[in-house]
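The structure that follows is given in the form of structure tokens.
Note that the chains are named A, B, C and D in the order they appear, and that numbering of residues resets to 1 at the start of each chain.
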Amino acid sequence: MITILAGTNRPHSRARRIAHYYQRLLTELGAASQVLDLAELPADFLISALYANVGRNDGFNRLAAVLDAADKWVIVTPEYNGSFPGALKGFIDGLPYPNAFRGKKAALVGLSSGGQGGLQAMAHLTDVLMYLGTAVLPQRVRLPFINQDLNAEDGLNNELSRQLLREQALALLAF
Amino acid sequence: MITILAGTNRPHSRARRIAHYYQRLLTELGAASQVLDLAELPADFLISALYANVGRNDGFNRLAAVLDAADKWVIVTPEYNGSFPGALKGFIDGLPYPNAFRGKKAALVGLSSGGQGGLQAMAHLTDVLMYLGTAVLPQRVRLPFINQDLNAEDGLNNELSRQLLREQALALLAF
Amino acid sequence: MITILAGTNRPHSRARRIAHYYQRLLTELGAASQVLDLAELPADFLISALYANVGRNDGFNRLAAVLDAADKWVIVTPEYNGSFPGALKGFIDGLPYPNAFRGKKAALVGLSSGGQGGLQAMAHLTDVLMYLGTAVLPQRVRLPFINQDLNAEDGLNNELSRQLLREQALALLAF
Amino acid sequence: MITILAGTNRPHSRARRIAHYYQRLLTELGAASQVLDLAELPADFLISALYANVGRNDGFNRLAAVLDAADKWVIVTPEYNGSFPGALKGFIDGLPYPNAFRGKKAALVGLSSGGQGGLQAMAHLTDVLMYLGTAVLPQRVRLPFINQDLNAEDGLNNELSRQLLREQALALLAF
């Protein structure tokens, strides 16, 4: 089982659409997966699930359990302000340390409407995940200009992007 | 006027105590300042002040206005999971771009209970601020082992730390 | 006086050509500048100018003096293997610490044949410069696909790139 | 076979001594290894083994072959100016891309005389290695205050450091 994380709490995000694209890709490759969309986070989780409240928010715990059910993760992260979203970092800040992370393996996908493709977002996220004991697949996929490339059927117009995601998925299965 | 930002929404945080220490330091140096504590963020700001709701949350807007009232900032950031807090990134994600950041100047202070002293937190935060057009003072101060060094009177037992903060404050005034 | 550093020891590099482009730009803006090309480094400087030999290599010292003669720098760095060149880092490793860096101000330009535009190279270089006490201008300019954009007359075909460099140069003069 | 890289060209470096410490550790764990000391690099390799000369320097090629003979690497890097040495980056810049890196696995050890322990050096090196297709073990070991901890018999006085290196070595064998 692989958990595919849409790494923003923005409703109906492109990250969520790419997460579903990735799920179809994994299905084609014969691998079971589930999508975890941070848009389902309780609105006040940054207080009600952190600090003195760690572990006490049922809605948060449900999402944490979905993540924990898989040893391999795909994290799809948009680029907000040159890094990954505060909502994703807040989610990580609320997870039990180090049990949630140690021994896990993650593949990263970065999205941006501009030309960066989430490069710096993925570099920062790698620093955080490795600090927590999660191995990160070296193949990190940048999806720049995602506004143009993601079409109405949630397919990707860009063949290079499709190929890179497929190679990454195969590498994650073998990681 | 300098705004000193306590960069976590944890209630009664050490970051807040260091922010007040910094305020006393600036007062000694003859500079006016105000403390902005992210613990005052509305509990649900990650939804109610972001995305379609940017600019619509009065509580959030009040904090944003405090930040905007100063051209120089001190950002005191704890280290959570090898980077800066999700709450601080979420606050940045909700601010108006690029007006909130362009032309501002920031000094960074990192705290940790371990030996890092928020080094990586400050490196990531620098990447974000520079991306947004804020100049970052090269003197970034690490305060490792803050649990031991911050005493009951909110003073710092560590003389080197006191000296580094003083040098940083002087550099910020001249920046 | 501004020193423009071509940040690789590759002979006849694109970084050198961009450095000369930048010099013409500064001349137009009425600012004096000089180009320092790391291709002039002594071939064996990584041994003959470092460690026990710091300060003992005349050829290296000559280049270090050119850098030191200016308080403002433009550093043009290609992207080699996802970061800035080893030759540039080696040059930095041989400079007298902290005198060469403290109080200096730097503007960064990144080049790549691919789509990154030296983003990560500039992020790493910023970490190093700030560690050494050099202030880095927040406006960092990425020049992706430089093979296509740099023409035979050492002009830039890309208007956005020309505009970003001009804005950066003006910001450096005011920094 | 594991190659342990002493990541500086400084003669008789502490990185080399830690590399030999690591070799004894691997021997205890029943794993074969070899030490590759960048002090053996030809003095002028930054010119004679790069750019138009890639692959043409026999001395450089000999070291590259030692690296290539192993699928797993331990890279021991000192911290020079807030990052890893220019000599190590230059060595990487001269290796054949991507054959030298793709599919390799690396464990990183950082050294510093100060309190950082090479944290930023290892973060930058991780960015480079992952860009090149090498998987990096999440357990990165910081050895701060190495001047005090490395004793005359090339043992480590610090028990925590010894334990972290042992755990890292076991994790690398299982990676």
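Descriptive notes on the structure:
One rule holds in what follows: a residue touches a chain if its C-beta (ideal position, glycine included) is under 8 Å from a C-beta of that chain, and two chains touch if they have at least 3 such contacts.
Just so it is clear, the structure is predicted and the values come from calculations on it, not from any experiment.
Two copies of one chain, chain C and chain D, form a contact in which over half of the residue numbers belong to both partners. Contact count check for B-C and A-C (C-beta pairs in contact): higher for B-C. Spacing of chain A relative to chain C, judged by their CA centroids, is 36 angstrom.
Per-chain Cα centroids separate chain C from chain D by 27 Å. One finds 31 Å separating the Cα centroids of chain B and chain C. Touching of two or more other chains is recorded for residues 120, 123, 127, 130-132 of chain A.
Interface of chain B with chain C (complex): residues 123, 126-127, 129-140, 175. For chain C in complex with chain D, the residues that touch the partner chain are 9-11, 41, 43-48, 50-51, 80-93, 97, 120, 124, 127-128, 130-132. If you check the complex, the residues on chain D that touch chain B are 115-117, 119-120, 123, 142, 144.
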